[in-house]
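Two complexes, one shared chain (chain A), two partners (chain B, chain C).
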Partner chain A sequence: MTPPLLHLQKLTKHFGGVLAVEALDLAVAEGQIAALIGPNGAGKTTVFNLITRVLPADEGSVHFRGRDLSHLPRHRIVRVGVGRTFQNIRLFATMTVLEHVLVGQNVRLHPGWKRFIPVEYGEAKRRRAEAEELLNFLHLWERRHLPADTLPYGEQRRVEIARALATRPALLLLDEPAAGMNPSESRALVKLLQTIRDRQVTILLIEHDMQVVMDVCDQVTVLNFGEKIAEGTPSEVRQDPRALEAYLGHDA
Partner chain B sequence: MFSSYQEGLLVLLGINVLTAFSVYSPLATGQLSLGNAGFMAIGAYISAILTLNFGVGLQAALILGGLSAGVSGVLVGFPALRLRGVFLAMATLAFGEVVRTIFLNLSYTGGAYGLRGMMGTTLPMVWLWVLAVTLFFFLLMRSPFGLNIHATHDDEEVGELTGINVTRVKVGAFGIGAFIAGVAGGLYAHYLLYIEPSLFGFLESIYMLLYVILGGMTTFWGCLVGAAVFTLLPEYLRFLERWRGAFFGAIIVLMMILRPQGLLTRELLRLLTNRRGPTQPEEVPARVQEVGE
Partner chain C sequence: MFLEQVVNGIFLGSMYALVAIAFTLIMGIFGMLNIAVGEVFMLGAFFGMSLIMAGVPFHFALPLAMIGSGVVSLVIERLSFRPLRHAPLLVPLLSTIGFSILLQNLANIVWGTERLEFPGVAALPDLKLGSMVIPSVQFLVLGSAVALILALDLFIQRTRVGRGMRAVAENLETSSILGVEPNGIILVTFFVSGLLAGASGVFFGLTFSLIAPTIGLEVGLKGIAAMVVGGLGNMRGGIIGGLLIGITETLSVAYISASYRDVFVYSLLFLALIIRPEGILGTVQQEKGRA
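Our next item is the complex of A and B:
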């Protein structure tokens, strides 16, 4: 068996007296769309913050492609192939949509003097072609010269995804991508997630919209008070009594 | 071509533009430095000592003075990483005062009396430096590194998670700014013919910051505009005599109320340079809203 792309072992995080994540084991195989679900305050976002080293873990480890991420500086996380978005959209307030993609592309520049050449020269052709392809893919090309934070909510979410994809991640962490979307927008999101997966990007998403989770995920992990209470395919989890009690009861 | 009064004014203007750039550089990454008069002093004293005591040529002395300031800037930049906002402003202000006090007490640099007899700064020389530094920022801010500077300014944490080595960007920007302040100090020293510690008080640092804020701190072009307004306007306000300071203060307050983002902004430049103008949300067909459908 090939080792999982992402492997969390005994991952633990306290905030004072609050046990936000408790000895969490989680494996995501390459090519999957996996979901992390659970009620508000269950510790889902904290798991993302531990993976991307926004927060240090108290205990446990994060392995990506068999490599321990626990001691990497934050800016190297994306270089090894983990990109993410944020629950509360976090865009660069003074930058255009296109600039968000260009910043994402910067990760793949080789160190040295090339990073001081204006983006119009040097590797401009390749960068621009890539940016155009990516922005077309996310239906943002017409918006490229607009300041990203003037866009409507749904488009801002896609700018975040574009910025993360521009780094060419192997794993994309999406924190509640469907939040605030209407049913037709979430259906579009489901399609988008599938096409992203078809681009060889593994996805781990946090999502409250059960329709999205049931439609698109291969594997679901349910958290409650930081603890994993159920795991399996969407249909398995839908029938799990503990998961139903904690979370799904009113929704599924 | 110019009267000596005009020439003097233009030399000062050029030097002020350089000092504005020196504040802009760290500010573009979100770091507020109020210690740039200190870097300017380092450049001024080092270059003056080199030309006076060691017979070094002026250009070489300017660059060495700039490098000394730049190295101090990098050294200050590292501890500055831990400080934000007002705390960083206070710490850099203290740095500037420490530098001034050191020169005040050093007999080698003439103490309070300072150094005399430097010369050689000419109007074309100053403006060649201004041109070079402007060109530098023109290229830098369009480079990947420049994009990383903007991103670091907007959100450091997200910048890091997009792969930016924020430490390098911030310390680098601090060092670049200090280098430019050092060169400006060297030009100033060799224009005034003398330097003394009192020329590099914290009020100088405040002025440099005002040029940037007034000109607009989201684009480096603001440095040119801000320094020009701030240097030339007082000259045209001479008729106000003793009320000049008050009038000037009132203008600053008005600016902060009417146009707090400064005279020039990146959005404004985008509008001016993008011939087609930015695409407005309304122009996009509604179906674009639905991804993948």
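Our next item is the complex of A and C:
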């Protein structure tokens, strides 16, 4: 059996006296679409912050392709192949849609003197063609020269995904990609997630929209108060009494 | 006469604008003033003076003085900002105040406390427009200032490092998750800030012919005022604020009294703060929520 792409072991984080994530074990295999679900405040975004080193973990480890990420500086995480989006969209107000993708690509370009010149040739020029292809893929081509923060909400979410994909991640962390979407937008998102997976990108997403989770995920992990309370395929989790209780608020 | 004074004000304002942009760049990244920008400006003037007096032609002396000022700015980053990266923002502010006192006293030791004469640069003949006489040195100053601002705009808008600077200025955390290495970007920003402040110092020397270690404080405060009047954290705002303050200053010197010029300059600042606190080109900043 091949080792998982992402492997969290005993990952723990406190905020003062509050246990945000408690001894979490989680494995995501290459090519999967996995989901992290749970009530608000269950510690899902904290898990993303621990993986991407926005926060240091108190205990436990994060391994990606067998490599320990615990001591990498934050800006190196994307270099090993982990990209992410944010729950509350974080676009750059001074940048166009295309520029967001170009910033995302930065990480793969050689850090030389060419960074300091306003003309692009060679490698940078090829990357621009790639950027335009990516925008086409996410249906943002017509919008490429518009300031990203003037776009409608659903498109802003896609700009965030485009920016993360531009880093060419092997693993994409999506924090509530369907938040604020109507049912038809959510269906489009499900399709998009599948085509992203077809591009050899493994996905771990945090999601409240159960329809999206049920439609697209191979594996679901349920968190409650920082603790893993259930894990399995969507249909297994749907029948798990503890998951139902925590997530749907049913009385036991 | 009036028009001539307005033109003078634009020349003076272009120097304030450069200093305002030097402040704005660092403000953008840390949300905090680097008070020592004024002293980098002053050192730029002294570097330029020493180089020209040593026989270096102006077109080499200007870039060398700028680079020297850029290096001083890097030292400020290393000693005043980097060790305090995780301290409350007021701490680096205070540390840069200390740094400006240090730099001013260093200049006192090296160049003395007296006013020194900045050597003139033989350039083109003065331009006569009707009754108006515009000294050629002013063209040199304005032309160089405009060229520098355009080059900076191109750098920030069109290069990969420039995009990195914008990303870091907007959100350090998001940009580092995208792989932008923050320390490199911060160093470039401080260096560029120093280049601009240093250039402005050389232009100041050329225009007024006399420089002293105290000019940094005076011009630095006007650069801050220009930044606030134009709109915080906005390069174009710094340009407009700088020009407005330059023009106000020369007009009040010409028509009222030289000794009251600062009253008018800072009244403009107060007026701006009362009528339009976000600055002429500023937008009201809303704190974005963070998960």
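We adopt the following convention: the second predicted complex is superposed on the first by the 241 of 252 C-alpha atoms of A that agree within 3 Å, B and C clash if a C-alpha of one lies under 4 Å from a C-alpha of the other, contacts with A are read in each partner's own complex, and residues count from 1 in each chain.
In this text, contacts are C-beta pairs under 8 Å (C-beta built on N, C-alpha and C of every residue); 3 or more make two chains touch, one makes a residue touch a chain.
These numbers come from a predicted model, not from an experiment.
On the superposed chain A, the positions of chain B and chain C overlap enough to count as a clash. In the overlay built on the shared chain, the residue A:A124 is in contact with chain C alone; chain B does not reach it. By the touch criterion defined above, A:K44 reaches neither chain B nor chain C.
Using the contact criterion defined above for the overlaid structures, shared-chain residue A:N88 touches chain C, although it does not reach chain B. Touch criterion met: A:R163 reaches chain B and chain C at once. Set side by side, chain B and chain C differ in how many residues of chain A they touch, and the one touching more is B. Contacts of A:L192 after superposition on the shared chain: chain B is touched, whereas chain C is not.
Contacts of A:H145 after superposition: chain B is touched, whereas chain C is not reached.
In the superposition on chain A, contact of A:R74 is made with both chain B and chain C.
In the superposition on chain A, A:D175 makes contact with chain C only, while chain B stays out of contact range. Once the two complexes are overlaid on the shared chain, A:F116 sits against chain B and chain C alike.
Counting contacts as defined above, chain A residues 52, 54, 73-79, 84, 86, 90, 92-95, 99, 102-104, 106-107, 109, 114-119, 163-164, 167 meet chain B in one complex and chain C in the other.
Chain A makes touch with chain B in their complex at residues 52, 54, 73-79, 84, 86, 90-96, 99, 102-107, 109, 114-120, 138-139, 142-147, 150-152, 154-155, 158, 163-164, 167, 184-185, 187-189, 191-192, 195.
Those residues of chain B that touch chain A in the complex are listed here as 139-140, 142-145, 147-148, 150-151, 153-155, 157-166, 218, 266-267, 270, 274, 278-281, 283-284, 288-293. Those residues of chain A whose C-beta lies close enough to touch chain C in the complex are 45, 52, 54, 73-79, 84, 86-88, 90, 92-95, 99, 102-104, 106-107, 109, 111, 114-119, 124, 163-164, 167, 175. Interface residues of chain C facing chain A in the complex, by the touch rule stated above, are 154-155, 157-164, 166-167, 170-171, 173-182, 184, 288-291.
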